[in-house]
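Let me begin by handing over the structure; questions about it come next.
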């Protein structure tokens, strides 16, 4: 079969080149490490490495980023579990049960489950990606124009609004708040300044990476600092007991469900792994006989979320490679790597550099497998970070976050934005609004407005034009149905006794 | 039981007022775009209208169902920060007022030096001096305000650090910031604080400046600028 | 080993000969500048910083990298590039103007700085508030269609087809009002009287994808940015926005061929230093950047980006003339377009 030949070719190309092996190993370790160090994430590592990829070949540069992507999504789980600091929004649901497990002294078990489930979800997803990307790429180039992408964004936001917040309305308000933040800066159609309040630096707009760092890393430090100041801080116990195979097998249905959810969510651009993790977790709760136990340190919560977000990694490569559409921050930086080598991600890549694509696919496959090996070793060491007194760890985390936020665009206003987001996050956590929802709105706001404008220009400002594009129409209808069912549910559905 | 609480109405009013304020700003950029008839202001306006719709929906929801049950997510995401706050009286209006006024200190730094310099029509060097003086005054003010409210100070200090970055640079401010965070978190042993701050500072600079060549802000104001660039030269 | 070396040398010589047959490599604009120059009082004692108001991946990021490397090659002075993207270059400009004017930091910028000043005179004028060290890339725009397009094949049939669509034909262009790209498009549509809907894309890759995927009918771009598509035979140019067609695009009608008589706006990228920087340091920087323009590595880079088709080099005075005339041109156009010129 063609796929297998290509995969073997890619594997051979990857491991026959010493530089390639070095880059691969560096990516695996770096992704895990940066994912695991509180305050920096794989995004920080990627932002720092981006200019240096110019010195690598295109193949190695893109391979490096895809490897970091796989292992970083897993690495973010470690900080989510140990410190309630998700390395990235896609690890947020992992913290829901992982952090309580740490507080119960079961950190090792939670991290161990994250290791195995990430490896499994990622590997399966990599296989599906290898089989499916090329056909999707060939079809997508002409089928997915701005109207379709706008419809996808709309659908993605509609789904995201329905999960993650205390109520549906709070979910929507969170997303809308994110969309509002995205408006700051030059408008994407005519380059007109909006909400800059006369401050020249605001013309650059508010970047989502500092906001993510602020909402999750900084806000968590503030919460812990408050506990520390008021004397209610409790240092977590350290436990390194791993889950047994039997414990994992007991959750096989959760694993399969999360793989399927993760993969389909991952295909949505700009949402990908984050929505995947939330949906995986959400469905786990919905299907459970004892939903009230979630949030108190249930192993299945960690499993569902971590399987789903790694399953999304392979899927997220499909819109990137097939449409040139980055699904998230890291895939957006991969676009930069492509461009630095005079290439554009998109269907043409399959025609002009099929070798490269297959090396990347092979690397992602093996990176997911290697999570299992290195993750096991790493876990034993990283957990000891918990023993560092918090008043010494906190400044380090804040410094790392500062450098991470600054490194993205070289603007100190981004550091201000991060800490302001930290304060906002600190207060919003008490309110029932969804921080990931705000982040999603912020990420998708600009691309949403831009594709909407392009769609309108292409359809000559006739709304009925959407009807002539079946894919766009289907997605918009699906989005509205999601909204309507949520609204219906919010007002009329009977309270489930188990939810109380 | 009365289902609608004052808090719900306040939340609704806040959203609507916020949306109305932002809507009024859209007239500033209500400019025509030659090739796009909706212009630059339609998208923001539609979103602002949706905000009002959603806020109204939420109000009606509370009217119909009271406080509403917590979904699993919210209870899972609630790690007790709300409880801690309530126990420590960190949710009283007085505490909020004190904290928010402290958060105005960084804002003052962002605005005041420019005003003074503009009023005295000073050049760049003069602006630098003004900034240094204002920063010192605000720092003292902050230290004074921080005495009674360590949590508020913990929220303010990072923003103060961030607004000063462009002028005074990472190299000068980072050690001060690290020590400040330790102090606010209750560490009082000077020896340990100094050693760990020095270790944190040098490890960070070595990793990011010497190894990874990340360009951290050197500052624009003398002599901080000179210190920052000297550090870069030393480390690279 | 020796034989291998000889072979390599021979191959190099052959390559050089072929190249020089195609391109006039023989003379470069700054060949008569001295090969080395001592900086005043040991300047520069440390690495220079180059502020780039765009990301590392785009045209500006790449030219900044190529120029920084060439200057380092020539002088041994390291240059740290500091990317500050956003606000169509205005954010990087603001950050640069706030830095001490000691000659240690330089700025990369493009013609957008000139048009920004033309639109809003409170923005710095790159010819007066800054000293241009060198302009190292000057290029022109073209209009592209898909190579396998069958509804039209050249400029004349394109114009005819567009007119028949009654405003429904589309062309992908950048999203900034009053930008070089949009003003040039206005010149074309005004002169031909055709109505065509421009679709705004602020990033390159989706813009090219839109043409390749059949979402739009044509594309407005500079040849260096779409060279991969031209070499791959995916796109083909149907109009060159120059009075006279360069050799490489001899088959493509120029403005004169197509019967236009407007003055096209060019894209240019160059390097600047603050006007308050010490005079002797500026002299050294001018020498370094102008001389580096003729380093082989830089020339190779320019060639790969189609930047040698028209003369790309301007020294300080030449750059000032270019910028000043560009600002004047934009001012006139903006007045006519009713864009607020204050």
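Chains here go by letter, A, B and C, matching the order in which they are written, and residues are numbered from 1 within each.
Here, contacts are C-beta pairs under 8 Å (C-beta built on N, C-alpha and C of every residue); 3 or more make two chains touch, one makes a residue touch a chain.
Computed from a predicted model, the values in this text were never measured in an experiment.
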**Prompt:** More contacting C-beta pairs: A-C or A-B?
**Reply:** A-B
**Request:** Select the chain whose centre, defined as the mean of its C-alpha atoms, is least distant from the mean of all protein C-alpha atoms.
**Result:** A
**Prompt:** So how far apart, in whole Å, are subunit B and subunit C when each is placed at the average of its C-alpha atoms?
**Reply:** 39
**Message:** Centroid of subunit A to centroid of subunit B, CA atoms only: how many Å?
**Reply:** 24
**Request:** Report the inter-chain centroid distance for subunit A and subunit C in whole angstrom, where each centroid is the mean of the CA atoms.
**Result:** 36
**Message:** If I count partner chains per residue in subunit C, which residues reach a count of at least 2?
**Reply:** 81-82, 95, 177, 197-200
**Request:** Any chance you could list the residues of subunit A touching two or more other chains?
**Result:** 189-190, 192-193, 410, 453, 457
**Message:** Which positions in subunit B are in touch with at least two other chains?
**Reply:** 33-36, 166, 215
**Fill in**
subunit C residues touching subunit B in their complex are 45-47, 49, 78, 80-82, 95, 98-101, 104, 177, 182, 197-200, 337
**subunit A - residues contacting subunit B, complex** = 48, 84, 96-97, 99, 163-167, 169-170, 172-173, 176-177, 179-180, 183, 187, 189-190, 192-195, 218, 222-223, 225-230, 232, 281-282, 285, 291-292, 294-295, 301, 390-392, 394-396, 398-400, 402-403, 406-407, 410, 412, 415-416, 418-420, 422-423, 426, 429-430, 432, 434, 449, 452-453, 456-457, 461, 487, 490-491, 495, 499-500
**Item:** Residue numbers on subunit B that touch subunit C, as the complex places them
**Value:** 33-36, 124, 166, 213, 215, 220, 222, 225, 229, 232-233, 236
**Fill in**
Touching subunit C in the complex, subunit A uses residues 50-51, 54, 141-142, 144-146, 185-186, 188-193, 200-201, 203-205, 323-324, 335-336, 339-340, 342-348, 352, 409-411, 450, 453-454, 457-458, 460
**Message:** For a test of understanding, state which residues of subunit C touch subunit A in their complex under the given definition.
**Reply:** 55-58, 62, 65, 81-88, 90-91, 94-95, 167-168, 170, 175-179, 197-202, 204-206, 208-210, 212-216, 228, 232, 234
